[in-house]
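Going in written order, the chains are labelled A, B and C, and every chain counts its residues from 1.
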């Protein structure tokens, strides 16, 4: 495969990935795109590294593999960006957390089974670091996988007293019930979630949550 | 020198932001970092745009502002990275979305009239949740039905800057053509008639798929 | 095309089902077509306008030149088939059937003059609606082909050195968490659903099978083509295969009178057989 094409593919993958990618992973991902060997991938990585040298963005090798990162010089600036608008939690993280909350104790393998995709270590790590989940035991099967459960920190942060306050599964089935349940909870909880309603940035005129109800109700 | 610094700051912010940033927003964020004016920021943006032209990641302007994104050239590769294919959008949802996009503001009843079937609440909900549409007002008729319009998020997700960038609607032929066709049918004439009618821009023989030339018509 | 008339003649003559001119029997009682399965098929259409468009387009007709008689007949045939199979139809489908019937009857009346009656020509209204619907149907397809973030494109959101640690992590809104859970569960179900769909019943394969069965035979009752043993998916696959065969003009569907069951034959066979009694065999299905 032409070196330039490998370079573009590696660049695309690293720019789009949630976390670092190892050379081995890149090799697997590129299996159908010319199937470069590891040496070719390493060549592309160092070419990219020099392409980006001196830019605000750098390609670095960290423990988990290779990743693009904004340079340390800009830490202050990015702090301002995030202060104003905290980053959104990724879909993958939310789904993992939701599965742990509802299906605990649950192993990583079981989460992956339901999600149909692998759960990255960095997600589990983030959840553990935030003390939203913890290891509550091990399943007594080969490999002794850790079982995860939620913590009291999780309940505190979500303003729940007990886990049972989470809406029940049937309520979740139906979107309308789900909204009703969320409203009920929100009505009982403090207003602290207001500040982080990042929907507001795209739909300034309409508070997203409330509005979602009104049209369909009116038209029922 | 100074320009280079602005360029780096803009690059860092855009690479780290979780959504597009407008020039105005960049100006606020850079207030302490040299406080460049909008012109300087625009200069930096176009310099960055050409720096990244031809790379796997590009700087594009969409409805919500400027952002870096990996383009559709790498769609296949990205699919592998994400593992899970996003679920396909149903025809019912797409048709509803198209009506909202091209006929906004439009009520649910009006959508149903064109589609000839009722629009399920869950479709409207899904569109609201994806933040592709929002309630833009209410029609002042009995029942005050909600009127829907598309959001900048919708355009952002399609890599578009303006509603006019949507593909134009296929043209509808004049109803007068119908009478001509009906007469022809009645007369049993299968021969083509020359398209000299001055009241119709297209003759019945022209396939409907012919592009409408002005999208603004379509968007009313 | 009766290429193998021998096969046809050789068949034992079981209870003959008269097609032309005479009322057909009801669907055999032992024929099991789960109504759900046909509902699935009906759901392939986005409503009466979509079904009508399909009927028009599959004959390569221009919307402006619809032979209303023919299309209305086919539409009604579909609707009656659904009703016969006790599918609960959305009111819109019945409304459309009524509209088509009205147009038909009006077209039989002599037109006073060419210019006089444009104002409330129900056919004009139908054509207008069909065009408008098709316009947005196409627009929807166009919108779907645009590159989309999350499907074809990725937005870049890098983290930064050093800031990683103090980067504020938001607390998820409960609603977001619930939504995530709902979606992951839905996806899990969808996944299971896909696996059912991937059962070794292929539409193409079924098309060949049906075509083969129809070769050298006259009109064959629609219902006899549904094997009882295959359950819901078998019915769906068979029905899709028939629709596809019709679309590709390989077979013709016919209904001789209102409420009569549909019958199928190889395209072009009807001409050959015209003048016959058209007594056909119900082949004591397998």
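Here is the rule we use: contacts are C-beta pairs under 8 Å (C-beta built on N, C-alpha and C of every residue); 3 or more make two chains touch, one makes a residue touch a chain.
It should be emphasised that the depicted structure is a prediction, and the values quoted were computed from it without experimental measurement.
**Q** Hop distance check: chain A to chain B, minimum number of steps through touching chains?
**A** 1
**Q** Just by CA atoms, which chain is the most central one?
**A** B
**Q** Given the two chain pairs A-C and B-C, which is bridged by the higher number of C-beta pairs in contact?
**A** Of A-C and B-C, more C-beta pairs in contact link B-C.
**Q** With chain centres defined as mean CA positions, report which chain is farthest from chain C.
**A** Of all chains, A has its centre farthest from that of chain C.
**Q** Measure off the straight-line distance from the CA centroid of chain A to the CA centroid of chain B, and report it in whole Å.
**A** Taking the mean C-alpha position of each chain, the two centres sit 27 Å apart.
**Q** Which whole number of Å gives the spacing of the CA centres of chain A and chain C?
**A** Centre separation, chain A to chain C: 41 Å.
**Q** Centre to centre, by mean C-alpha position, how many angstrom separate chain B and chain C?
**A** Chain centroid spacing, chain B to chain C, equals 31 Å.
**Q** Enumerate the residues of chain C that touch no fewer than two other chains.
**A** If we look for residues of chain C contacting two or more partner chains, we find 154, 156-160, 179, 187.
**Q** Give me the residue numbers in chain B that touch at least two other chains, ranges are fine.
**A** 12, 15-19, 57, 68, 70, 74, 78, 81, 84, 129
**Q** Sort out for me which residues of chain C touch chain B in the complex.
**A** By the definition above, chain C touches chain B via 46-50, 62-65, 67, 90, 92, 96, 114, 118, 123-124, 127-129, 131-144, 146-160, 179, 187, 190.
**Q** Please output the residues of chain B touching chain A within their complex, sorted ascending.
**A** 7-9, 11-13, 15-19, 29-30, 32-33, 55-57, 64, 68, 70, 73-74, 76-78, 80-84, 108-109, 121-122, 124-125, 128-129, 131, 134-136, 143-146, 148, 151-153
**Q** Hey, which residues of chain A end up touching chain C in the complex?
**A** Touch residues, chain A against chain C: 12, 15-16, 57, 60, 67-72, 74-75, 78-79, 82-83, 86-89, 91, 94-95, 97-99, 101-102, 114-116, 126, 130, 157-160, 166-167, 172-173, 175, 178-179, 181-182, 185-186, 189, 193, 196-197, 209.
**Q** In their complex, what parts of chain C are in touch with chain A?
**A** Per the touch definition, chain C meets chain A at residues 154, 156-163, 166-185, 187-188, 191.
**Q** What residues of chain A sit close enough to touch chain B in their complex?
**A** Residues 7-9, 11-13, 15-17, 29-30, 32-33, 55-57, 68, 70-71, 73-74, 77-78, 80-82, 84-85, 87-88, 115-118, 175-176, 199, 201-203, 205-206, 208, 211-212, 214-216, 218-220 of chain A touch chain B in their complex.
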